[in-house]
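Presented sequentially are two complexes of chain A, the first with chain B as partner and the second with chain C.
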Partner chain A sequence: MNRVGQGAAAILPIGIAVATCMLLFALAGYDIISVILGVTEGALTGFGSFQQTLRWAMPLLLIALGFLFCLRAGEFNIGGQGQMMMGGLGSVAVALLFPGPVWIAMPTALLAGMLCGLIWSGFAGFLKVRYHADEVIVTLMLNFIAVLLVSWVTTGPLKDPAVRGETASTPKIDSALRLGGSDGISPTLLILVGLAILAAWVIAERSRMGVQLRYVGKAPQAARWQGMAVRRLKFQAYLLAGTFAGLAGAFEVLGPNGRLVTGATPTIGFTAIVVTIVGLSRVPGIVIAAIFFGGLQAAILFLPIVSDLPSSGIKILEGMIALFVTAEFLRHWRQR
Partner chain B sequence: MRPTAVRCDGITVQFGQVRALDNVSLAFPVGQIHAVLGQNGAGKSTMAGVLSGILRPARGSVEICGRKIQSGQSAAARAAGLDIVHQRFSLPPSFRVAEALEFAAARKMGGLVYSLRRIERRWRERLDAVGITVDLRSRLASLPVETRQSIEILRALANDARVLILDEPTALLSPTAIDKLFRQLRELRDQGVTPIVILHKLKEVLAVADTVAILRQGQLVLPPTPKDTLTTSRISTLMVGAVSVATRCATPTKDMPAADLCRLDGIATRSRGSEPGLHDIDLTLGQGEILGVAGIEGNGQRALAETIAGLEAPLAGRLTLAGSDVTERGTAARRVMGLRMVPFDRMTEGLSLTSPLWENVQSWVAERFRTGPWPLISIARMQESTRAILDRFGVSYRTTTQRGDTLSGGNLQRVILGRELAGTLKVLLAAQPTRGLDFAATRFVWQELHRVRDTGAGIILISSDLDELFEISDRILVMRGGRVVGTFTPPYSARTVGSAMVGAAE
Partner chain C sequence: MEFLDQFTVTTLRSATPIVIAAVFGLFSIRAGIFHLGIEGLMLASAFAAVAVGTASGSAWIGLAAAIAVALLLSVIYWFFIDQLRADTVIAGLGLTALCVGGTAFAMQALFDQRGQMASTVRLPRVISGVDEGLLSYVSELTVLTWATPLLIVLAWIVLRRTHLGLQIAAVGDYPYGAVAAGVDASRVRLVAILLTGFGCGIAGCQLAIGDVAGFAENMTNGRGFFALAAMLFGGFSAIATALAGLFFGFADAFGIFLQLNDRSGLPTQFVLMAPFLLTILIVTISGAIRQRRDRL
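Moving on to the complex of A and B:
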């Protein structure tokens, strides 16, 4: 199949999912025209909507790029959520606790975020390659631990005394350290994300390691006979995944959020997995898919304003897309 | 004139671009042992699949014992009295013998309650009747292959099969077990069962068959013909087509070993599952030598290969490669030192079927592909060198980006040889390099092995095919139970090497 055909094959399950959802909404008595208009406006045409789309595409994209490396190596590392939260934690800790000149503090905060994500993912990778622990379970459980850690930090050591009520969070970081305003994104952020995309592409497609990772994932036995360091390569895939997810967390803190919030974006790490798969496990595809899902995320926040469909309707749509796309994905996975 | 057991008319099977069977019509009479002979890829297994209703042909019809069978329905074929014993067994290996037989039986025992004792009682008699002595409670996976095969045959007979297809039944058996199988087939014939045996070795066909049918590239070139009316040379000509089987590789001229390229001293490994570990293996490979390793499969050949490859760490002993101790070094380091490998299973160990050819042909560890300080690659350059290698080794391909699984078995082996033999090498470990290949591809592999040998490299050739080993080895070791039990030099005798393999006392 050529590239165009592959692209069409990737869009088809999304089309089926959207159609199914619209049918369900119509049957439930909602006006689907206003739903469609609402989603379009919330993601694309409304004032500042596309900015919101990009704002949500950003973490999706970074986690998805990280997940790509693990997926290629045949490792189902679903810990992107936790790795992102740890990244946010590392980043906010540096931003709040080590005040210094901006040109030192800012890169340090970014690096700390990446490092924390790397450690969180690397730990799962270590358990997998050293002790054959099931990576799906380990990374899933590490997600819960990360949630609880963030929850403890935001209600304990780094609690913002000004915040009352349900959502716990840290205080705002110094605005000089912010990479973007609370309305979404900034040129600096876009440039950094662009560099991250470029780095991911070079590592995945133009480095010896990237090609070896792919080979190891497809034919571990053949890779062993050829002398590839199978376990080390897989471990490196975990480190890469964690680095990218950690960067996503750091950007959340230094960009749109300006602080670490509990309960923010609790499912984005899982949507990112769907982004990788919809993006056909290729960097350009992932960029497009991330923008699409970023649009849906933006629409969730906007939809209740123009339509009577509750925002959970979009969650259903997302779930439906994930369902149809993974069903398609599993079919290919089995054939390999 | 005997009545017909199986008849098929105008069978055509198409797999994508490949026509596996082309308008094949034939009839097998009752009460004889029929052999279907052909090279790999001739359509033998496809034939078996069609007859047993597993494959649905594009055109044509099958008639079993006078009953026309809805094509592509294995239950119908079975009901009409035809059953098949697959090359890879079909009974679940984790089941106990009695359970597996009961599980596969067409007529199940009545009763709601599962009782292993009742199942055992039912099958004990049947097993005794055919002289299979086996503990009914043992798991199939723990039994030797010949016993498992007998149980598979019994399974088919228990369903009242009157026609029994055996797909390559000798592939996994030792010479003595093959004799026993053939005796069993003759007894079955005398009881009125019609065995149809799919084989690719001429010797075995001559030993067992009453009639011979030959397929070549999907076409029936010889309908079932009484064996006595055929000559060996006629059969082999029909099998391979225009090429004469008499043109074989020249007998190797032996150079004096100047230095030991590979040396194993007292190597021992732990056993894995049913495969024994190595015990105190001593082995030396000289320059320009092809050292054959014979043995019935599962006697430590895999452990030997993986130890030499650096995939298995020995418990004891020392391994040297071109003079330096590599016992503690990994596969990549050994490759850099000049070791090359053709693994046992070309589909899973040799290369990645789902990866493009260029990824499969490039060696990702050898020093010669280090291009600079940056670990980045130039895909264009890699594809260029891939094309050069593929062309040199006569692979038929379209582009270097097509996937491995678009190539045939013989072509895949050429790809692997291309990768392994492209640069300079000191030691080649070739494990079953010609298994499953047709005559032309086998000859190509042998030629390449000779060429490598003539450059002064040493070759360790692990094979379960004695003909191959006799043809090209300068020296043959026989392995049994993880030990080297004999060393032979030309001229070889199949009788002495064979008895060393099975452990028969001389």
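Moving on to the complex of A and C:
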């Protein structure tokens, strides 16, 4: 298939998923027009909306790029959620506990986030390549454990005494360490994310390792006969995935959130997987898909203001897209 | 003795949904489908059991609705992975996400409730009206817990002693051979997925109107994934899978016991981690065993 065909093949399932969802909402008696206008306003046209879209596109993009490496290597590492949360944990711990000059503390906090994500993902990778532990189940379980760890840290060791009620969180980090304000994006953050995209592209598309990863994923047996260290390459893919997801967590803490909050973004890791698939497992595609899903995420928070549709409606849409996205409509029809 | 009775009964109660989901999940995994939608199916059935049970005033109608919803969603899942050749793992995760969003949506749209809703009906108990001794604990067990051994045996018979069980295993292990031998692989996958859906419906119903009489957002909390781990650990055999599921019930009961009786100040989060850690351990052990067996 040519590029246009590939694009069409990627957009078609999303279009059908969106149409199905709208039909469901219409049948449930909601005003579709106001929902569509609400989503557009919340993601694009409203005041500060596009900033919010970019703000949510960032973590999605970083986790999706990490997931890409594992996917290329034939590993289904769906632990991006937990790896991101552990990254946030590492980052907030450094930012709160090791006061020092900003030019040391900030890079350290970023590195700590990446390192924690790397460890979390590397653990799953180790169990997979060493013991053949099913990576889907292991990474899923590590997500649950990360949620509990964050919940413990935010209600225990690093609890903000000023916060009461349901949401537990750490205190705000020193504002000098912040990479962006609470509106979510700043030139610094965008440049850093740009560098991350560039790094991912170089590793995935222009490096020896990227070629090897693809080989290992497509034909592991042949790769072994070629003398590639298949298990080590797969393990490295896990480390890369964890590093990118950990960076996403660090950006959340040092950027928009300024602290670590329990239950802040419970489904972003899942959405990021969909982003990778929708982006056709290519870096440019993933960037576009991340902005699209970032827009949906921004709309979730905005929608209740303008429409009576519950915000869980957007979650239905995301689930629907995930269900549809790998379906082969075109191939199926062509076969007939 | 009283403590032991209570502990045993808590184990059985917690294990019931996991064991049922795991044993019926075997039909899918034997047919070669790594069914991550189990979690979502259980959640959707739990909601259906509460919604329909409360509306109709009958727990049995709630159970029927739970099974019906799970079967319907199973057909959708089958259509995507078999007819449209969607990726089983991604479509399964999508189905689960759809159920998480869908139940929250329906709760708000239909009942104007957020977070959770109570049920006015509960599944009947086999033994009731006893206030003391062992029987007072046993009387907490629902009719579905009593039926679980029967369901396990049923699943075992279908898997091991019927033509259908053979066809399912053939489609899973060697699909081309099965098709060459004249098996309609699509139809067999549909039946396998429907059987799994049937089990998830029962499991979800037990979760919602058996134990707690209510529905809460995301109340399955990973139980569907525990069921998958139990299947892997049980080596895809019905009896071993059921025992592995029982072990999860034990871990759950142990966690509840620690939360109630521990004075050492261990944070609850660490106790709650136990089943997840256990799952990782189980998947690692079963992976290592399979690796060794394959090497021989």
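Operating definition for what follows: the second predicted complex is superposed on the first by the 325 of 336 C-alpha atoms of A that agree within 3 Å, B and C clash if a C-alpha of one lies under 4 Å from a C-alpha of the other, contacts with A are read in each partner's own complex, and residues count from 1 in each chain.
Rule of thumb we're sticking to: contacts are C-beta pairs under 8 Å (C-beta built on N, C-alpha and C of every residue); 3 or more make two chains touch, one makes a residue touch a chain.
On a predicted model such as this, the values are computed, not experimentally measured, just so you know.
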Handout entry: Partners on chain A (chain B, chain C) - clash or fit
Key = fit
Exercise for the section: May I ask for the angle at the C-alpha centre of chain A between those of chain B and chain C, rounded to a multiple of 10 degrees? Expected result: 70
Problem - First (chain B), second (chain C), both or neither touched by A:Ala322 - result: second
Exercise for the section: Pick one for A:Leu142: touches chain B only (first), chain C only (second), both, or neither. Expected result: second
Problem - Which partner reaches more residues of chain A (counting touched residues only), chain B or chain C - result: C
Practice task
Could you look at A:Trp152 and tell me whether it touches chain B, chain C, both or neither (first, second, both, neither)?
Solution key: second
Exercise for the section: Check whether A:Arg214 is in contact with chain B, with chain C, with both or with neither, and answer first, second, both or neither. Expected result: first
Exercise for the section: Considering only C-alpha atoms, give the closest distance between chain B and chain C in the superposition, rounded to the nearest Å. Expected result: 5
Fill in the blank from the handout: After superposition on chain A, the chain A residues reached by both chain B and chain C are none
Fill in the blank from the handout: Residue set of chain B touching chain A in the complex reads 309-311, 330-335, 341, 343, 345, 348-355, 359-360, 363-365, 375-377, 379
Exercise for the section: Please name which positions on chain A make contact with chain B in the complex. Expected result: 202, 206-209, 211-212, 214-215, 218-219, 221-229, 336
Handout entry: Contact set on chain A toward chain C in their complex
Key = 28, 76, 78, 127-128, 131-134, 136-138, 140-142, 144-145, 148-149, 151-152, 155-156, 267, 270, 273-274, 277, 310, 312-329, 331-332
Completion exercise
Residue positions on chain C within touch of chain A in the complex are 34, 36, 76, 80, 83-87, 89-91, 93-102, 104-105, 108-109, 221-222, 225, 228-229, 232, 267, 269-270, 272-273, 276-277, 279-280, 283-284, 287-288, 290-291
